[in-house]
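Mind having a look at this structure? Questions to follow.
Letters are used for the chains, namely A, B, C and D, taken in the order the chains are written, and counting of residues starts over at 1 for each.
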Amino acid sequence: MENQNNSINVNEVESSLSGLSSNEMFNLFKSVRRQTIELCEPLAIEDYVVQTDTFMSPPRWHLGHVSWFYEQLLKKYYKDFKPHKSDFSFYLNSYYQSFGTPFNKAKRGTISRPTVNETIDYWRWINMQVSAFFKDNKLDDEVYKMFLLAYNHEWQHQELLVYDIQHLLQDKYDPKVIKYPPKHVGTPHKKEMIKIKGGIFELGFNPEKWNDYFAYDIEMPMHKVYLNDYEIDNAPVTNEDFLQFINDGGYKNFKYWLSDGWETVNKNRWEAPLYWEKDENGKWFKSDFKGKRFIEDFPDEPVINISYYEADAYARWAGKRLPTEAEWEKAASWDEDKNAKRLYPWGDDNPNDVNSNLLESKVWAPTNVFAYEKGKSYFGCHAMVGDCWEWTQSEYMAYPGFKSGFAEYNDKWFGNQKVLRGGSFGTPRLSTRNTYRNFFRPEERWLINGFRCAK
Amino acid sequence: MENQNNSINVNEVESSLSGLSSNEMFNLFKSVRRQTIELCEPLAIEDYVVQTDTFMSPPRWHLGHVSWFYEQLLKKYYKDFKPHKSDFSFYLNSYYQSFGTPFNKAKRGTISRPTVNETIDYWRWINMQVSAFFKDNKLDDEVYKMFLLAYNHEWQHQELLVYDIQHLLQDKYDPKVIKYPPKHVGTPHKKEMIKIKGGIFELGFNPEKWNDYFAYDIEMPMHKVYLNDYEIDNAPVTNEDFLQFINDGGYKNFKYWLSDGWETVNKNRWEAPLYWEKDENGKWFKSDFKGKRFIEDFPDEPVINISYYEADAYARWAGKRLPTEAEWEKAASWDEDKNAKRLYPWGDDNPNDVNSNLLESKVWAPTNVFAYEKGKSYFGCHAMVGDCWEWTQSEYMAYPGFKSGFAEYNDKWFGNQKVLRGGSFGTPRLSTRNTYRNFFRPEERWLINGFRCAK
Amino acid sequence: MENQNNSINVNEVESSLSGLSSNEMFNLFKSVRRQTIELCEPLAIEDYVVQTDTFMSPPRWHLGHVSWFYEQLLKKYYKDFKPHKSDFSFYLNSYYQSFGTPFNKAKRGTISRPTVNETIDYWRWINMQVSAFFKDNKLDDEVYKMFLLAYNHEWQHQELLVYDIQHLLQDKYDPKVIKYPPKHVGTPHKKEMIKIKGGIFELGFNPEKWNDYFAYDIEMPMHKVYLNDYEIDNAPVTNEDFLQFINDGGYKNFKYWLSDGWETVNKNRWEAPLYWEKDENGKWFKSDFKGKRFIEDFPDEPVINISYYEADAYARWAGKRLPTEAEWEKAASWDEDKNAKRLYPWGDDNPNDVNSNLLESKVWAPTNVFAYEKGKSYFGCHAMVGDCWEWTQSEYMAYPGFKSGFAEYNDKWFGNQKVLRGGSFGTPRLSTRNTYRNFFRPEERWLINGFRCAK
Amino acid sequence: MENQNNSINVNEVESSLSGLSSNEMFNLFKSVRRQTIELCEPLAIEDYVVQTDTFMSPPRWHLGHVSWFYEQLLKKYYKDFKPHKSDFSFYLNSYYQSFGTPFNKAKRGTISRPTVNETIDYWRWINMQVSAFFKDNKLDDEVYKMFLLAYNHEWQHQELLVYDIQHLLQDKYDPKVIKYPPKHVGTPHKKEMIKIKGGIFELGFNPEKWNDYFAYDIEMPMHKVYLNDYEIDNAPVTNEDFLQFINDGGYKNFKYWLSDGWETVNKNRWEAPLYWEKDENGKWFKSDFKGKRFIEDFPDEPVINISYYEADAYARWAGKRLPTEAEWEKAASWDEDKNAKRLYPWGDDNPNDVNSNLLESKVWAPTNVFAYEKGKSYFGCHAMVGDCWEWTQSEYMAYPGFKSGFAEYNDKWFGNQKVLRGGSFGTPRLSTRNTYRNFFRPEERWLINGFRCAK
């Protein structure tokens, strides 16, 4: 890839932020924006334009869309605000009916304008507007909350960028800001299932306890659920484990599969996770951020890029099942000694605290994308957060007592999707926590999704 | 419709059962079989052949398939058994991979053979085989259970027959064995929401308590769930209620809809429930078992033939939500005075007991299809069972501790469907109970499905 | 199949025609109608209802549609005429925009009404109306022409019935009124190519010369075309010939195929003509009117049920090409000695003349469907008419000077189709002639279509 | 559009040709290559990547593909030749089965590599290889012919580039090398139909007469056809003419349309030619190379961007028809006085002769793209060549006696397409001539296609 093809230089782009105040919100804004650009640095301009499939978006679209999201806030709260360009708004609206009929998602790759440079101009212009807004306006609670939402929104798109760029470039994308593969510290754990007592558990985020932290409306309210006694794997299912399922004919035997899953496997002729291929000798290799590698060379990594259906079939093959999200959350968060729930497997210490010694590396910026490889849970579960998203069997639905916090943000997607928990090595650190509920269709595989089993 | 087109006479067909012993199982078998034929009596031969859409099956296929199901049992338990014809088996297998690749469901209407007469010959032949089997064999527990399953299987197909024939013939199908519309006894209830206290509730069927009754594996085990306090409508949402939603622009405003629902509404251009049309004066009428009637002429009937998406949108418009299946089951079954759960809203009395005075009519046979119009629940909820299936917000998934009782019967359909509860006036009486879990895709409307709201 | 399933008895139906006058037009009407019914006699009622694919129509629809066609004439010419039923008209209109938006062709198999009996009632009612019309009205030239068109229209549907019923029932359909396979009289011919001199040839039907005969507008005007010298096969390509192409890998080698043909072959995974299958020993057999037969047992029959693409690929493989329709017509019709064109390969003698000795059997009624197996052309070409339709390379387009004779009948189909010539053993005798232009899409195979090559 | 986004500078790219000899073939090669680059100069890198629809290709793909075509020649004739990169070959093969299964055409826009820079590197590398080849090798007749084919191939892709880029950028693409709109010299002609006598006409290219010129195999052999007397418009149908058809309800009345056309119009909701839109006042405007202009401001330009179906419907509305390709060619080429056929409407003078005064501008390079606006034909037909491609009613099929000159080049596309004649203002001058046969599917509208009528 030649240098002159790279359209964006992170330092040059960030300079447009120099007018922002030193206020923490401004600093956070700057770091969020920087981090998005960092993910794109390896790209050639051509790479920003392509849509490989309907579920994916061109990277340039992501860049424009996250800027557009701030524009909607500015329109709402900034009385002198004039939007940039109307045709940008049409293209860059993802799915918000309240801002007019959105551009057909499946066609995002059929137009070449705005160009990358125009998108970056827009990016800088938004940065200047936000900077001016922060200088001019007192951030009342509602505005503060909406800007926090916007940062979290951008973190979500950062992770989608990782998935989408990988789908486009496969082994040609090596985002240096992502630490992959995650390096596990200390001696390897022994695979076992952890026994956990049932009873009432309080599921979800408690804003009174963790009032310094952001959480989405869908993580609330914290509410009681009853759990039976259960067992849960102390670590995600690995490549080595999953190869046994494949080698035992797992993809060929209907009896392990849900009916919809069996249909999906056959229609798509799946024989292994996404990005796995066989070489001429029948040996499986994978194309990912580290290039092409034989599966047998990284047996202990969690198996990822698998659908809910494959996770479910594996579990049935293994005589187990997938956990519910309540089971997952209790295993990750409950501290029996303190009779309390923790926001992270290791406690409530903010992983973004630069003085924290929870994490492998101390030299990180809050804007980095990274993996939480340390910090097992009270019950002894490893890698709950930061290795891979983990499928649960729970449908993504409102918690009892749910109140919508953001119109058309999360709640219009209830139903037809499964909850994933934990966060992956592609998830921005600031957006991980035990209560986070991610959700995807059961057939989706282009994310960093794995699983652990329960019984 | 001319007489000579009718292929089946119920008395003539039943005569083939005359060789059966007087054993109760035999009698039940006879009544199940008779009831299936009764539903088809109004049909012309042509009606048996057509498949109107991929979700529907030709009535002739249903007739053949339920016979085929007994054939599989006979093959398994009857050592001298020789199947009827191999090409029948291929066409009549619905989805059981264990009996070979099934015939493409979407193509069931593209072949004309076996003819109706051949299907009826097969029907009689199966009856004779079952009769012989019952004479020759001692029914051990496993066989007994499998035959009970086969009866319940046939009851399910009876209800599908009602739906499918209505989809084909619309207002031209008047199955006299179905009492429609259900006649409600006594003074009309006042619409209100019932307040129910939360806490631990035990969801599901308890085989120890009700050991005389059949239930599917997916209704078990009975298990604890925690419920918050909630309110639930004392009756299903009616045509009158739903018309208000329509007249208020409910189908035109995205904000009431889930994203998938909004897409479904627009793709299909839905403006009202299935079978509703506007006359030239803009007045809504419906084509159903009673012909074409104006909606305003039956405002108090439950609105039916609506998708989950429409039920959910109505609930949001009304400031409510759909109940979970646990909320529904508690409202229908719990008796606070006795601190016990009942199998039917009115108690545990078997509605099939001919001496029961719970039901409107005393002259019924256990094989009739009918509606439970009486018997409100302890909490005062009307029409929980027997008016219409009611959408719940719960995804159809295994209960904790689920053990599969029948391979490929219910459990391969977990996920991607919503649970409906209660049973409709098209549901055979013997297969209704408070714990019954029906399940359909959220966009399906050709069944007798309505809903009530919760808060 | 039981007798009571057969809905139509030819004698019973025809009796409704007894009121018609003895006028020749009436007799012809009667014979046309009888012949349609004869083709359907082997059917069970179920067979009338099914649509196997979008190109096919349910037999019951054909019966209704040809009656509907007369209804349109009666509406136009008969002042006291009241149509039968409006919902029939909607269903039975094939594609005539001038009579309102037609019923979706692909959905003809999704409704079961009108029933077969109702359709036959309609059939008889139409017969009575036509009878009354013929009694009451003087047939002026225009009306006479339109009724002749209606008969020819019905003959076309008779042939479509043969194709459609075969597609439904395959080897279970044995229409006794069709003489199949055609019996060739005399010693077998030697396969060779006939050399024919070029120059000006007058293509098409000349109404002045053959003013007693019906021809479609699209066969006119007769007009000059210039032909180079050419050679043409003296007989259609046979099963034996075509097997050599298959065995030589013809279906596997792109170089014989047009691009569209290669795409079609691969998309549909064609490996042989329609209705050909391999048995477990790899021997090809065919399912047709005579049951299942091995191809090697009838090597001399023309290969049929092949698309234009397959005919074209065979020709390229053989170092030949397909003839144009002018080349075909000259080879079939030109008499060098008389310097004149003949309407039939053997001359202008009407094959419907019962005294003709041109035909194998003398005991035939004008309403029979049969094959012209005798009567080679002046140039020595065999089986030009009556064995199988023969693909030509000519696109179906208007002849120079074309005047539309019937709105929306033939001329709206110009383009995107190829002309076939000659008529098959399923073509009603009265509608065959050298100038007849049949037309189908190049991928269609469910008709009785073969070919001969040219150079 | 910012400068740094432009990936290609024409002078820089051409410098790679400097090593070529001064031989005319080399010069021609250089000019062909330069002209392709000139068409792309206005593009930003993003524009090279997008595929707007399945019929269109990303501009970068065209650049790579024309280079790839030379690579195939070099592989065949140059013994020391080593191809560039194997993954390029897979992506850049358009449809040649003989070079392996081609990349799925509909997916050309789903990959971003090779990048534009990599494609330009490949372009230069090919230029160097060709240069070396021309130095090292004596061009025997076959090689000479194949290179001429390669130049003509590239000219075809130049025109496709014009169409494809317009489809992507609409009014944002202004290729300065295309003279648009064509300026007509002299006083406007009066619209009339020209009467032309029929008889034998010799259709096609005669290599003996024009042995200095290139023609495709499908233009040969010249052969006799018989024409009736006919009339033909002296100029293409104009915007003003076509507006009358629209305003008369032409798009709303089935009776003007072929059945396939009517289906196409309704499926696509066509109401006017491609690129036409109505402003808020109901006035038609068009987006093209000159920006957005009201149709009434250029009434005399030929109507373009219309399908065969629309041309055919207009002709029927006007009481006319489309000409055959023979009628078109005679009107354009025949000189009654000399009893001879001309290669261009104005005679046989090569439009590429720099001393020619046939053309408006003398300052042109042989590599320009331009329009032949002068030079009416002997019969008085204007603008036969160089304004727009004109639909004829003739199917694209082999001429009698056709011999394939280039495997898989033209002849595998016979059938299912209509011949267009004349060349547009987007057609490279060197590839226009009276005998040129262009061909497209009847529904295609993204080319510069118009028509004139005949009678």
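Here, contacts are C-beta pairs under 8 Å (C-beta built on N, C-alpha and C of every residue); 3 or more make two chains touch, one makes a residue touch a chain.
All values reported here derive from a predicted model rather than from experimental measurement.
K.L.:
Using the touch definition from the top, list the chains contacting both subunit B and subunit C.
P.N.:
Correct list: empty, since no chain touches both.
K.L.:
What chains do subunit A and subunit C have as common neighbours?
P.N.:
B, D
K.L.:
Using Cα averages as centroids, what's the distance between subunit A and subunit D in whole Å?
P.N.:
Distance between chain centres, rounded to whole Å: 49 Å.
K.L.:
Just give me the whole-number Å value for how far the CA centre of subunit A lies from that of subunit B.
P.N.:
From the centre of subunit A to the centre of subunit B is 41 Å.
K.L.:
Cα centroid separation between subunit B and subunit D, in whole Å?
P.N.:
Chain centroid spacing, subunit B to subunit D, equals 63 Å.
K.L.:
Select the category (line, ring, star, complete, other) that matches the graph of chains linked by touching.
P.N.:
Here the contact pattern is a ring, one closed loop where every chain has two partners.
K.L.:
When you check every pair of chains, which ones turn out to touch?
P.N.:
A-B, A-D, B-C, C-D
K.L.:
So in the complex, the part of subunit B that touches subunit C is made up of which residues?
P.N.:
Residues 1-2, 4-5, 7, 44-53, 60, 109-113, 115-118, 168-169, 172 of subunit B touch subunit C in their complex.
K.L.:
In their shared complex, at which residues does subunit C touch subunit D?
P.N.:
These residues of subunit C touch subunit D: 95, 97-98, 200, 223-226, 228, 230, 254-255, 257-260, 262, 308, 312, 321, 324, 393, 395, 397-398, 400-401, 407, 412-416, 418, 442.
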